[in-house]
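In structure tokens below, several structures.
Heads up, the next two complexes both have chain A, just with different partners, chain B and then chain C.
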Partner chain A sequence: MEAVVQEQAMEMVARRRSWRVSLEAFSFMSPAMVLVTLFFFIPVVLLLWISLTNLSSNTFGNPLCVGGMRDFCESLGIRVGRVEFVGVSNYRRLFADRFFPKILGNTLFYVFTTLIFFNVGLALILALLTTHIERRTGFLFRAIWLLPRITPSVIYIMMWKRISADAPYGILNQFLVPLGFEPKAWLKEAPWLFVIITNGFVGASFGMLIFSSAIESIPRDYIMAAKVDGASTLQIIRTIIIPLIKWPLLFVTTYQTLSLLASFEYILLLTNGGPGLYRTEVWSLTAYHRALQTYFGNNQWGYGAAWGFVLVVIGIIFSLIYLRVFRFDELVQEPKIDAL
Partner chain B sequence: MWRRRPFWLFIGILVLLFLASACAQQQPQVVERTVVVRETVPVEKTVVVEKTVVVEQTVEVPAGGELVTLVARCKAGSVEQGRCNNLISAVGAANAWLEEQGDNRRIQVKTIQDNKDWGEYKTEFELAFQAGEAPDIIVSGHEHIGDWAPAGMLVDITDMIDEHPEFDDVIDSLWESTKWNGRIWGVPQDAEARPMYFSKPLLKKLGWSDEQVESLRDRVFACEFSWEDMIETATQAVQQGVVEEGNGWWHRPKNGPDFLYYYYAAGGVIQDEQSGDKLIMEKDALLKVYQLLYDASQVRKILSPNLLGTDWPDWHTAVSSAQNVLFWFGGSWNWPEWAANYVADQGGEDYLWENVGFTAIPCLKSGTAKPITLTHPLLYMISSQSEYPDLALLLIAKATTKELNTTYAVESGHLGILKSQADYQPYKAAKFLSEVLPLLEYTTFLPNSPYWSQWSEAYFLGIQSVESGDLTPEEAVDVVIGQLENELGDNVIIR
Partner chain C sequence: MRVELRNLSKRWGNVVGVDNISLEVKDGEFVAFLGPSGCGKTTTLLMIAGIYKPTSGEILFDGRVVNHVPPKDRNIGMVFQSYALYPHMTVFDNIAYPLKLQKLPKEEIRERVQRVADMMGIGHLLDRKPGQLSGGQQQRVALGRALVKNPKLLLFDEPLSNLDARLRLTMRGEIKRRQMELGITSIYVTHDQVEAMTMADRIAVIKDGKLQAYDTPEELYERPRTLFIASFIGNPPMNLIRGVEVVRENGTYWTQCPAFRVPVPPERGEKVAGQGEIIMGIRPEDITLAAEEDGQGVVGEVYVVEPLGRDDLISVQLLGDVYVHFLADPHLKLRPGMKITMHFDTSKVQFFDPESERSLLWG
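The block that comes next holds the complex of A and B.
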């Protein structure tokens, strides 16, 4: 009997402890949860709702005041406009758009080319180079590489537009013509090159910083030992550095993929999705164009929201794939020493 | 290391101060004062893009009277500030009228102006409206009525305009652009024409005599020199090296109202009496337009396939010198812009008269075979959130005078909107306006329809794709019709 009581008491203590642990965990997580709820979940729910309405310039009103809510809204003095619930018709229209595959293809091309060649590729090269030269020089070089990131987007793109301006203008033309090249409208001849370079130069700085600090934190003993064993620099990079910075590499790949999926401001300012037929139009830019930017200003917020919501779904799918393929659960596993 | 800390601290503070000063935005200064009887209230109006202009409003409020502040929002380029300035100038006349009527209210105006793109400008009004902060008066393109009137954002002024005799002077045809659903939603503020400009020295270089150059204007009006002839001449100029490939003929470098007159010239109809708000797309006319542009850019190489997307300043620089491009389609308001901003150092307007000619858009023989142009009147519209629509309309009426409108028209290269301006000496004395006025005989308008923006975007998509060579004209027609059907469904009539 006593043993049973003792067992129950221990169980209760264990339960209380488990509760306390959970509560502690939640209290630590709560600031992040509040932020995620406020700035992700609520906007996504609103986005989904708006995408199910015909909200546009000529139906403008409060998108929550549709159907049976109209009278209630009117009684509160809220402007209801002519906005109506239209179900999935915006999605039907989106998938029936003949440029939907092209825009999706452009998006994937833009994201992965920029990611592979710049945001991860060049970032890794820069990190390796700047950590293998004299420390101060490396620091200075990284600081210089950060300049595009701290330059306002509009000014940064204006510089690139002047560099690539149509003949007879353009800094590029001024340099190349004396060398015997034909002056060209570079931005229109090779729009993707400039879209990827402008995004990539800025994007590479993020990975460069993360990788540099990861490389710097590798114990010097490993490198020394490898050198003593006669390993070449390339061998050291391949067999020591890359495996030891695996997690930063995976994190940057994941983060930058999602970031590129949603980014469009440089493309908007540089090519606005052109030239020609949607040549550099990406998904997020289409959502922006539909919802907020047409020449004559008929904003179709409902339809634009449908494009936006599909992008959220694409982003979530990519996140799940990365979590699974890169096995991020191993990164967040409890330390084995504590598990014992 | 420690000794250097103050130095780095100092540098850090400097950087922070620099960033803070860069982030600080200069807010337009608005001076509001409680007005007492017989006091002059100076109002400083800040034009965000250009420069600060001080305009005096004399407001005299009788004892026990009410001072009403009206907010006006105008889009104004460097030469178009009269749109809002005229409202300020009309305050005195409006208040005098109120006094005459024994009305104790008095008006003062607060204006907001900049030169945003139309899309952004329109969005700003819509968002302001939803926030309950719409200006009382907005000056905007007449086609925006198609969105704003059905959405309930504008005051229907049909039954109010009779109270103001000033409106009888407005050119009758311009009222057509203010209508939606048979009702009137705005008052014309300006009008313009979109001419074909040509370079006199380049035509002469091509072998044209002075007489041929000078008579081109009339030959276009008489349809003796057609759109097809223009293309042929530009082709010769490219082939003979008078202009570089792609510089035989330029149109505007962005989407805009101009492209609609191509469709009209090809015989296209966009709205008819039966269609109502629905818009029409005629395949034959569409194909003609795309064929013409494809031929010019991909076959004859007189129109650069890279023209669309060119920045406006580069476009203006290239055409205004009259040394690079043979023919170009522009707007009448470009003339004073070029004189003031692009060729000022070469003689300004005198340089333009010497080197640049203009006429109507030539007739398309394969289409309507008539010269054409397009007018895009801007209107003073009253927001339905305005608490004083009667005062807003009164102010607009007092700004709709030949004196004020002529000052604006001469400065900005826009056409007069009043019948009385035809005989008004300062208007007649403006050489450019007088010479561009005959173009109005061939003018057309955009439709006032809620579906115009989507129609225009799809149509422009086809233009982009044939000029870049991404699609053939036939493919472009298929793509555009598909887009229109998907975007507008039953609200577009394809025929």
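The block that comes next holds the complex of A and C.
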């Protein structure tokens, strides 16, 4: 009863001051809003616009000068080329692409395998291990694990190319052949394995840091109490630690899904989508290939933009699903201070 | 269960937490570990629970060395100062947790949790999360969780220090009653000597990781073996007066210093007569306002009056900058600056060596 009355009272106060409050709120949010507008909304709108044109090396011109704008642009001396508004035909082409199912499947396989086994799974295991050993050793181990992340991508991938190279160069072969194994061109034999490992080793360090700080902030009394209550180490992890780091777990899952969806540079450098046709081609790499790197020297920016835009939509859909399923709104508690 | 500590020590590098403690807790006994903050009480308790490994020494349960038995196999119930209730579980799940780990049937778990919860008076709170409970309720849940698995040994780490004074009194009685009813051997860590005195069968006084004394509350109160015990046990604390001499004149023993000269009973006097300047201890309750001047009174000036409700705690300045405390009836309306004469009842007076700080009567 009391709570309801109090809530109503607070609502009234809030409404009376809502105009002022929302102005204040907007002024606090404005820096973030400027950034999001500049670096997300405007690029996405441009992307959508380009994806509705036939902009390519052949038709090159200013994509804003289509339809009724052509003559006006020409009179200003802007290069108009043969760019034209083509409606949704790029999208029709995309969904009719022979390799569309293959690329979609690759993307989902790549994102979720890397996510489950490395970016969340391995990260959690590393965090648990490094918080259960001596503090300084754990810290050192985590610092070493961060090295690949600060290594330039090209160097990091060159290392892996050497490791997985064909005999007589491959480091892996040099270890395996003396043990009686056949030398193999490992990268061609198991391209996915290396794509996932190279991404996963780097990706795991993010979750590792977040999880280990979350684990270290769990009061020691809970762990001690659980031990006295009769729990084994595994039971403590399952019944105490994991539930208490639920939010970091969900956050890392969401964040890493999105960053894996958009990531392609290691794959580009390692396999470039191969070997063969589209063996490890993922969505963002396709967008890159269509727009910026084709066999025939014809960069189809309009078509590539369509792939890019669909990826943005997929990312938004995943975010919405995660928001609903994980109930992130519960994470943000009502502030305990009254409106000013 | 009988618990025995043999030369138990815990060190971290050169930090000494616990230093060579040996003691025995009898089956069904309620023992308090009493000592100032940082003296190693929690460390000792956590070693008994199996969470810390002793650096040296042995822990025995019923005569069996348990140093290498993991906590889950020790059958101990423990109540933490912070309560350590699992925040993501309901009260029911918190209390049921030890039973679930034992994989007992669901029906039995439900029954036992309900029984313990009803006993603790929290049967109606089972669906709540710990964050929705008051401190006292959380305390009861923690106690329930410790009791539900019928432990052989109960460990308490300052369980009442987060409660208000009134609730502390209630819970003190409640814990003591449960322990007596159930007859579970208990070790109770506290830095509050009133708690230790009122609840424990025996008290282990610890200072700087060392066991100072291990005895019944009466013994510690009546026959303190060191200056530290004398000053730590009792509330308000014992008055300690330095530079006192005991002399024998005409068959009577006198204790004297510049501030006063009062007779001492011969049993006590003969043990300390002629030892030069020593420390005299007299409890506030053994000092009273003298009815009339009989030549044996101690004269002083009231310095501070602290009303405690039933009594006033009076601080008196004697000659030579000596201060003593005693309790007086508020109706007497003593005020700072008043000159008063006190009577020292020396039948329970204590004497200590100023060098070794050991008792000269019981040392």
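What we mean here is this: the second predicted complex is superposed on the first by the 315 of 340 C-alpha atoms of A that agree within 3 Å, B and C clash if a C-alpha of one lies under 4 Å from a C-alpha of the other, contacts with A are read in each partner's own complex, and residues count from 1 in each chain.
Throughout what follows, a residue touches a chain if its C-beta (ideal position, glycine included) is under 8 Å from a C-beta of that chain, and two chains touch if they have at least 3 such contacts.
Everything quoted here is computed from the prediction, not taken from an experiment.
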Room on chain A for both chain B and chain C (clash or fit):
fit
Compare chain B and chain C by how many residues of chain A each one touches, and report the one with more.
B
Scan A:229 for contacts with chain B and chain C and give back first, second, both or neither.
second
Between chain B and chain C, whom does A:277 touch in the aligned arrangement: first, second, both, or neither?
first
Can you pull out the angle centred on chain A between the C-alpha centres of chain B and chain C, to the nearest 10°?
140
With both complexes superposed on chain A, which partner does A:153 reach: first (chain B), second (chain C), both or neither?
neither
Return first, second, both or neither, reflecting whether A:243 touches chain B, chain C, both chains, or no partner chain.
second
One more residue to check, A:293. First (chain B), second (chain C), both or neither?
first
For A:319, decide between first (touching chain B), second (touching chain C), both and neither.
neither
Applying the document's definition of touch, where does A:219 land relative to chain B and chain C: first, second, both, or neither?
second
Closest pair of CA atoms, one in chain B and one in chain C, after superposing: how far apart in Å?
18
Okay, in this complex, where on chain C does chain A touch?
46, 49-51, 70-72, 74, 76-78, 80, 82, 84, 86-88, 97-98, 101-102, 145, 149, 155
Residue set of chain A touching chain C in the complex reads 219, 221-222, 224-232, 235, 239-240, 243-244, 246
In their complex, what parts of chain A are in touch with chain B?
57-62, 79, 81-82, 93, 96-98, 161, 165-166, 169, 185, 187-189, 271-272, 274-277, 279, 292-300
Residue ranges of chain B touching chain A (in the complex, touch as defined):
117-123, 126, 129-130, 141, 143-144, 146-148, 150-153, 254-256, 304-306, 308-311, 314, 450-454, 456-457, 460-461, 464-465, 467-471, 479, 482-483, 486-487
